[in-house]
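Right, I'll just put the structure down here and ask away after.
So that you can tell them apart, the chains are marked A, B, C and D in the order they are listed, and the count of residues begins at 1 in each.
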Amino acid sequence: MSRWTNIIEDLLSRVTDIGNTILVNSNTDSETLSLSEKCKALLSNVGEATGLARSRDILEDYKNLDKAEQLAFFQQIYADCGVNEDLLRKSVSEWLKHPSKVEARYIHSISEPRSQELIRRLNLAYGGTAALVKMREDLLQHTKTDPSLVALDKDFQHLFTSWFNNGFLRLERISWSTPASILEKIIAYEAVHEIQGWDELRLRVAAHDRRLYAFFHPSLSDEPLIFVEVALTDDMPDNISSILSGDRETLDPHLASTAVFYSISNCQTGLRGISFGNFLIKQVVEELKRELPNLKRFVTMSPVPGLRRWIDSKPALEPTMQKLVDELTPLHNKPDKVFIEENQRLLYKLAAHYLLEAKHKNGGPFDPVSKFHLGNGARLEQINLWADESKRGFAGSWGIMVNYEYDLNSIEINHEHFLREGTISTSPTVKRLYTNS
Amino acid sequence: MSRWTNIIEDLLSRVTDIGNTILVNSNTDSETLSLSEKCKALLSNVGEATGLARSRDILEDYKNLDKAEQLAFFQQIYADCGVNEDLLRKSVSEWLKHPSKVEARYIHSISEPRSQELIRRLNLAYGGTAALVKMREDLLQHTKTDPSLVALDKDFQHLFTSWFNNGFLRLERISWSTPASILEKIIAYEAVHEIQGWDELRLRVAAHDRRLYAFFHPSLSDEPLIFVEVALTDDMPDNISSILSGDRETLDPHLASTAVFYSISNCQTGLRGISFGNFLIKQVVEELKRELPNLKRFVTMSPVPGLRRWIDSKPALEPTMQKLVDELTPLHNKPDKVFIEENQRLLYKLAAHYLLEAKHKNGGPFDPVSKFHLGNGARLEQINLWADESKRGFAGSWGIMVNYEYDLNSIEINHEHFLREGTISTSPTVKRLYTNS
Amino acid sequence: MSRWTNIIEDLLSRVTDIGNTILVNSNTDSETLSLSEKCKALLSNVGEATGLARSRDILEDYKNLDKAEQLAFFQQIYADCGVNEDLLRKSVSEWLKHPSKVEARYIHSISEPRSQELIRRLNLAYGGTAALVKMREDLLQHTKTDPSLVALDKDFQHLFTSWFNNGFLRLERISWSTPASILEKIIAYEAVHEIQGWDELRLRVAAHDRRLYAFFHPSLSDEPLIFVEVALTDDMPDNISSILSGDRETLDPHLASTAVFYSISNCQTGLRGISFGNFLIKQVVEELKRELPNLKRFVTMSPVPGLRRWIDSKPALEPTMQKLVDELTPLHNKPDKVFIEENQRLLYKLAAHYLLEAKHKNGGPFDPVSKFHLGNGARLEQINLWADESKRGFAGSWGIMVNYEYDLNSIEINHEHFLREGTISTSPTVKRLYTNS
Amino acid sequence: MSRWTNIIEDLLSRVTDIGNTILVNSNTDSETLSLSEKCKALLSNVGEATGLARSRDILEDYKNLDKAEQLAFFQQIYADCGVNEDLLRKSVSEWLKHPSKVEARYIHSISEPRSQELIRRLNLAYGGTAALVKMREDLLQHTKTDPSLVALDKDFQHLFTSWFNNGFLRLERISWSTPASILEKIIAYEAVHEIQGWDELRLRVAAHDRRLYAFFHPSLSDEPLIFVEVALTDDMPDNISSILSGDRETLDPHLASTAVFYSISNCQTGLRGISFGNFLIKQVVEELKRELPNLKRFVTMSPVPGLRRWIDSKPALEPTMQKLVDELTPLHNKPDKVFIEENQRLLYKLAAHYLLEAKHKNGGPFDPVSKFHLGNGARLEQINLWADESKRGFAGSWGIMVNYEYDLNSIEINHEHFLREGTISTSPTVKRLYTNS
């Protein structure tokens, strides 16, 4: 009988709590409602009965808005669907008089902006999640015009953080048996080392010693969220072209000792700020270890995108380095290999100095890629000159690349020291390059 | 280049906002940590690097707790993972001085109890969602011992409302081709008209004129959340045994005019308060209309579980009805069909009076089933005497059952009037029974 | 250009060879054709253009035949669709004059009965394969009435041998996640140790130390062809009830040393004579070895169904055994365990004598189960008294059962010696029981 | 009890019939056996016990043969695995003495070449079917060197005809969601209108008004057997470039009146002579009618590959046509559109004459494509000048193409008249072009 009772209780609890909802005069003739009126109707308890139809209707209308109409729409939602400040004022004054854990929690509940419930209800429609991710992509652009919309964006971010909780993601290997409709997105989304068409893609997903893994969400089944590309090698590489080359010899993956993460790309602008990369790398490490127990090392082949930007922004370097920089600067789009070889000691030192010392104004490493991997608990393992001969590689760092190593035994301790004291876990080799004079 | 920039920005934003997190001295020897210390470690930024392993570990430990240890665990979490009241105090005082929409929203953000982040991180583990639903089932029991835990339960409820948003659910038809592991759960969870073993189940899922639909969540793939049973008939039924009977003639579904929802059961105690029923019924109506365009009516065959409870709790009825009730009461476990037929006019009136007038102390209908369907926008269509001859049927309502009708053209307007004015949409027949004297 | 040429050649070859086909006056009004006329129309080249519709029509009509009509139908097909004897006569006389390999092969081609092409064309319809398997099941019954139909049955057998080639079968593990529609067939088809309902089935498919594997064919996707039940144990069992019992302790499969095949059942009467068992056992052995490398032994727990039948049919046994048999016979439905224990030496000897010496009139072992396993290359490993207490067990062999062992190293050599010289591979234990006096 | 009996009978029947098998001295040391000895071992009853391992071994060995070794292998198989001529002689003499239907059928059984059983056993290995299709592709080449191997090829063809019976094929729509590994095969196999890379493929499979359907076999799951490309249009087209063009407007398929089969390609050389095209077209017609009930016409856009070849091989044409031909011939790789327009009456007449009158030496139409569609029951509907501007189009037929129409009401009758009397179903338009003078 207890289940029966539970059901009854559930039913009882359903319509009770109407204090915080909007009761609108639902005009069933949806032709005459504006888009934001439709949103209010959806948000009302009245709208609940027909939420599915309403949310479809709204998302359909939204698609037809031009940029100016989008902006007006977001502003209207922001204005209409805020916090119920009267209720908030009451509970705040209660808490100030009688502070308690439970009252503090109640403030959190009562202060939920109505826009959050709106977003949850818009998700009812078939394809709603994809439409909302797209909507946030638009909203992010409009925050540049109207910064107050950043507050509205927080609702999207908050809900997406829940909805796209890493526990809901599905790791999938992308291979040559993957549908073309997904593969063409991989081509489009690759952000680090561009994929020039299907033949290059094939090199990266069909070769026995190459892997590509992506996260998917059940409600966005045709859209990768993030993906990472892996090369299986017999040694830690010191340049990217040996990895991307089409005419290398293929290695039997069961003989590989090293997995190299050589590219990681976020796919959905509308999911900015929801972080998948850390978890993706760790899931892929687990997956690879299960499949290929012979793998001993997990390293990256990473760009150093902030090096030259940091130098440009810096008033002074030590004289020998400044001289080097002055000589390098005019060459940046076509550096001279001989020059680099002749100055390699100094260049190594410059790069090591940057990676170990250059700080962002908020305190962490200046280099965003470095910050990402060090924040995940990786170690700064090796610096490589003349490692990326692409235009972007020279523009960012005169072709310098870095290997970070994910050493499973020290990830947690690295991560902890990095967070607490800003300590950067560094290999002896890199330390030597740095102290070398 | 813009995608590249976005990624960098994303990376940059990752480790910045550490004001609200807990920095603990992570003792990597997890053997020596208590369960709640492990939770704090998981919750710390430090724990993020190894969140997957940590959350597995915690959920595994949790499984081995006995009831007393569970209670202590929940109390510890409640004590440790509340709102950061210092930050809250600051932002509240700011808002009181300079009230603004954006500050109000900020209060919401800043007041999030740390227990919400804990639950989100516990979800990382494989099978985490199922474990958390089970954990809440335990928690709900402990709220009876320690009502302050209701506040902790709100966190589960809040996150589950997001995670189990109807837009993420998958409607599936349960049939004789469904895995036995799921079918046995249907047998176990059926709460309204018990299923006695596999042969009875077969009658309900394998007959051409019977359907069973359930909602599933991608992260709980073997567990139905709620299901509804449907009979396809050529007329609105006036009793339940004609639907449940094994030796009726099967109707070609393409000839059916009426879909009868004759049972709806919630399956997961740990999801109490997250409502699926309204949306399930409406999705099933859409599905059935698509498959069987000939269907004209969508009605229920529903119990009236509160009728006798209401009468028992009521001091006075009008004399003729009170006389009827007095005569019925002693018979309840074995009423006399002849007596019921002789008094049918009065019984109809009594039932109609109950359904139209009996109110809960909070204002809605006294009958929970009635409240559910009326709240969904259905109409009170027909009252049926001697409709449920089961023990439960007599105990609840002397065998009386009700048909509610989901008339797609009037659902929204019914729902609105019910919510605004408490108006109960009623068929002329039932009105006549009520006014009949 | 070569593929293009090939296509043209293919096209060219299509309509050429019409010598062996039937040209009928296709009456498009299919209402007026008899079933066997429809078959001739399908068989004609004319029918090819509409083969799909025709074959559906014929299979639909066939379903409605009663037994007498079926018999008439098969007799008509046999009469109409035989070998083209004129063509055969010509090619035979050619071959007799000028014998050659190629002419001999041509005789084979030219002598194909038209009924084979008929069966191939009937297979075009959706569900055709299942319908044809059912049709042969009927035909097999009619061969008892009209033995000439055995020749027609050879066509079915020949084609089914090709179509159900073991290479086309799919080995699937049947578990508690298997659709109920297939599980109920397992219950129905189990032929050796009956499954009494779903709870007993669950013991056999859901326990960690029990397995059930079946072969499926892509065109009969809901119908198992044959299945085998396996117990994972830590020792070779000496009775069946320890395997079937519901209240035993479950063994961790990774700790099991022995896989016991304790039941094997053919499912499709219409596939009689197409042998799957040998291949099934060997595929399951491969599958189990892959999953559980710790498994060391693969044995059976098999009945001895011919023992008492053989004794009854035999004029004389050696006196001590005859005395034993005379005492056992009246007890057969309720033997006395004490008696059996007292006479175990003699009983072992009797059983060993039967298994090693009793021959069928065609030369192989008298016992069909023994013949099956020995023919597959297994060894006669152990004889067990009081091993099957079921009614069938006593009726067949006074409860005696046998373990055959599939020892991968000796399967081929056992098989060869069995086929060449009739040698039965026998364990030392069984040899001792036999020579023991 | 009857199922039990059946099993026993099945078991009994297994090892009986050994007259026709080869008993070899199985040397278990497979290292020392030649490939054809391994085949004999597999073919022997002895080999049956280890057929799976044997067949894997043989197919693996076969892969490593060079062309000369292949030829020797096939010749050895042909020599070793023929008909058992002694048994054949006995049964033939029996039949000649006492002719009967049943003896004639027995001759068929007894004369089966042992090579057929060999092929059936080779199919046991995982991937066996694919390997055998490839093996036959090789064999077909060797038949040019050694025509006696044609007789061996008949065994492959006979078994493949059974195995690839249309009833076992799965029709699948190829779309942009199909795995890239299959899509690249479509690009490679397209034999009529070449696909230049992924962008062109996309035009043919991803546009709403284009379809591509293929047949697959369950044992060759990654290999299409044949595919057809369809354009959905609002009118019967009169040239191919309007169909292939990338910058046309897409038509809503629900508004299309006409389905145009504009390309059909066989994929597997090893399946030559097993015809799929007729059945494919008819299945696709059924599928399209189900999905798009508005479709009224099913037509082809077909090349006329034999036109110029026929003219070249023909001693004399009627003078006006001969004059036309003489003028056209030198232009063939770059014909003059003006010239064609000026001579269109004569060109139409020439094409119509060819299609209606030109015969192959075996009696059917000279044009292979015409023969294919007419043989399927289609009607010669329309002749189009300047319809295919490709090099192949001019080389084959000066750019002329033809529409054949599949009119479901007349397919059977067309097919019948075509087969019986050679009558070509012709539209009034084409008739007029022909008689026009």
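We adopt the following convention: a residue touches a chain if its C-beta (ideal position, glycine included) is under 8 Å from a C-beta of that chain, and two chains touch if they have at least 3 such contacts.
The model shown is predicted, which means the values in this text are computed figures rather than measured ones.
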**Request:** Could you name all chains that are in contact with chain A and with chain D at the same time?
**Result:** none
**Message:** Let me spell it out: compute each chain's centre from its C-alpha atoms, then which one is farthest from chain B's centre?
**Reply:** D
**Asked** chain A to chain C: how many Å between their CA centres?
**Response** 58
**Request:** Just give me the whole-number Å value for how far the CA centre of chain C lies from that of chain D.
**Result:** 34
**Inter-chain centre distance, chain B versus chain D - centres from mean C-alpha coordinates, in Å** = 58
**Two or more partner chains touched - positions in chain C** = none
**Prompt:** Pairwise, which chains touch?
**Reply:** A-B, A-D, B-C, C-D
**Request:** Over in the complex, which chain B residues touch chain C? Could you list them?
**Result:** 176-181, 183, 197-198, 202
**Asked** How about chain B: which of its residues touch chain A in the complex?
**Response** 3-4, 6-16, 18, 23, 26, 28, 45-46, 48-52, 78-79, 82-83, 85, 88, 92, 95-96, 99, 101-102, 104-109, 111-113, 120, 123-125, 128-129, 148, 151, 154, 158-159, 161-163, 165-168, 189, 191-192, 218-219, 265-266, 269, 272-273, 275, 277-279, 282-283, 286, 305, 360, 362, 364, 368-369, 371-372, 375-377, 411-416, 419-420
